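Some notes on the structure that comes next.
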Amino acid sequence: MIENLLSWTQYLPALSKGVGVALSMTGIVIVLGYLLGLILAYASVSKLQVIKIVALVIVEVGRGVPLLVLLYIVYQGLPQLQLTPTAFASAVIAFTWSAGAYSAEVIRTSIDAVPNGQSEAAIAVGMNRLDSFRFIIAPQAIRVGIPPLMNIAIQFFQFTSLAYVITVPEIMQAAYFQATVTFDYFSVFLAAAFLYAVITIPATMLVSRLERHLAKHL
Amino acid sequence: MLGVVGYIALGIGATLLITASAFTIGGILAIPLALAQRSRFAILRLLVRGVVNLVRAVPPLVWLFLVFFGFAELGLRMSPLMAAIATFSFIAMSYFAEIYRAGLAALSRGQEEASAALGLSTVDSYRFIVVPQVFRVVGPMMASYGIGLLKDSALASTIGVVELTFRAASQAQQTGQGLTIFAIVGIIYLLLSLPLAIVSRQVDSRLRARFSVA
Amino acid sequence: MNHPVNNTEESAPMFLRASGITKKYKEHRAVDNVTLEIDQGEVVSIIGPSGAGKSTFLRCINFLEMPTEGTVSIGKESVAVRTDSRLPSRAELAAIRRSVGMVFQSFNLFPHLTALRNISLAQERVLGRSGEEADEKSYQLLKRVGLDKKATAYPGQCSGGQQQRIAIARALALDPLVMLFDEPTSALDPEVGAEVLAVMRELADEGMTAIVVTHEMSFARDVSDRMVVMVDGSVVEEGDPHAIMSAPSHERTRQFLSAVVGR
């Protein structure tokens, strides 16, 4: 009975190759996504209307269009322009777009969350705008923004599962392959679910602990 | 091209059917879960928390495959549409439970104390005091999650539900005009989410960040 | 902890009697075997330093806080709680709460309902009054606290003092036998608190039975018939307000009064 209940674990080794791909994709997407988010957040408050509008459109599309559709736009769309990125690169581009859009929103609201009086006080003691941002605003905004930014990282680890549809060899691709070979669909996908949960749950707990810790000093 | 767009747009029905069904079913099933999280019994609270966290710890695509392919292997065969609705209802349930819980937590303790002091029954207290106030907090968050569901419904294409994304993918393959076709589909999704987006804009952005789903 | 002031054996059945009320949090006794009786038309104020258990005791009377031990009787209703036995039933709680009106420090008005609806809701749901009857009564009560013009306003559109007066009207609407006031002016500016105290004074003159936890010493002295001093969860002194304030017999009362008057 116990053996039966645990039979799904036999698929863990085969799927764990996908974990490496998923994690490294997440790492790349998050670094690029935060950078893009920073640029988009800055551009969305630009005095130049053109830049502002372009930034807002990128953010709204990145957040409002299903990630799967973004993935298809890149993977099946770019060839129409005679560009043929690999599956992995396509996934990175699409996910970075979306992660950048979400990060931009978090960064913007975190900066907004710092009370106006703070920059007024900084200016009143004679700081210039850059110093006021660097020493007063940014440190406070970071306390607000870090937990949601880390949640975005966890989310995008889960989203890497979508790359399966364009044949990136991540966890779901490995699972689907195993399933079609063994016809043991339930156990294989249970093993996949386990792998995602076993990474996501501790990560989420860590973030909420960090969130409580940071909130203490607000 | 117009014919292609028309063909794709026919998928709107299935997309909305999945979204609306999951929203309604999940929204109802979440009520007992949210209430259980306020139970006096720690075991019940822990159990519900565990389920809610587990559902969210696994990507929707994995749940979808588990339900569609996995359950079929165990003998529970569903049509792709049924499997999609069942999966997304189940996922929505856990998110809504969390949203309701946050809404209840935002309600000041004094409100329930005042209803108790006035002698209102538990049912009356929920009906007249708790639910109307919680709904104001929770309404925009639910709308925001509704957009998430709309976007998640695109995953149904991977198990063969003929909705927007499925139709677009098949057309893109036939015509080789992937960029144009998926750009159009993207715009259709944005337009569909517009009514919900207007409602959700009223929500505090920090709460939105916490509950946002892509 | 027993004080000699009470001679319950010889008096008629009291209007409200809370006896042997104890509230323990883990090993800490927030309220330690407190007994209080009050007669119809009497106003009793409870004073004492913060953390003395005054509010906790008050909240035990209508079971917003479940006492660890003790008995509460109001009119014909009587509910006993013992550490090792059953909790009060729903019906018992409902009966007690119907007989007791409560006014909170933070008002706790229902923000999504108009002033009038705040007052009429429980009349309809708890007492089964008709809509018109409840509205009429609510309007009269608003008039009585001087806020009939605010009938259709939402709590958010009213000042703190107005909100508290509406909350008083809400509590009075069920025709309670006893009113409990839990530091009703603590959340208010002094001049705004004064308008609330004025309303309470009028109600007292009209014969309201009330227990008032307060830091307003002049109100406690002038309006209440009896004063109870609580320190560290126990009653240390009880009697005529003027007598206690001019010549406190207990050392802790003296300390407390000099601290309050010194402010």
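Residue numbering begins at 1 within each chain, and the chains themselves are lettered A, B and C in the order written.
Methods note: a contact is a pair of C-beta atoms (placed from the backbone, for glycine too) under 8 Å apart; a residue touches a chain by one contact, two chains touch by 3 or more.
As the structure is a computational prediction, the values presented were derived from the model and not from experiment.
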Supply the minimal count of touching-chain steps required to go from chain A to chain C. 2
Closest chain to global C-alpha mean, per-chain Cα centroids: B
Greatest Cα-centre separation from chain A belongs to chain C
Which two chains have the greatest number of C-beta pairs in contact? A-B
Using mean CA coordinates as chain centres, what's the chain A-chain C distance in Å? 54
Between chain B and chain C, what is the separation of their C-alpha centroids in Å? 46
Nearest whole angstrom, what separates the Cα centre of chain A from the Cα centre of chain B? 20
For chain B, residues that touch 2 or more chains besides their own: none
Which positions of chain A touch chain B when the two form their complex? 60-61, 63-70, 72-73, 75-81, 98, 102, 105-106, 109, 112-113, 144, 148, 151, 155, 158-159, 161-162, 164-165, 172, 175-176, 179, 183-186, 189-190, 192-193, 196-197, 200-201, 204
What part of chain B is in contact with chain A in the complex they form? 53-54, 56-59, 61-63, 65-66, 69-74, 147, 150-155, 157-158, 165, 168-169, 172-173, 176-180, 182-183, 185-186, 189-190, 193, 197, 205-206, 209-210, 212-214
Chain C residues touching chain B - in the complex, by the definition given at the top: 62, 64, 90, 94, 97-98, 100-102, 104, 106-113, 121-122, 125-126, 170-171, 174
Please output the residues of chain B touching chain C within their complex, sorted ascending. 108, 110-111, 113-114, 116-121, 124, 128-129, 132-133, 136
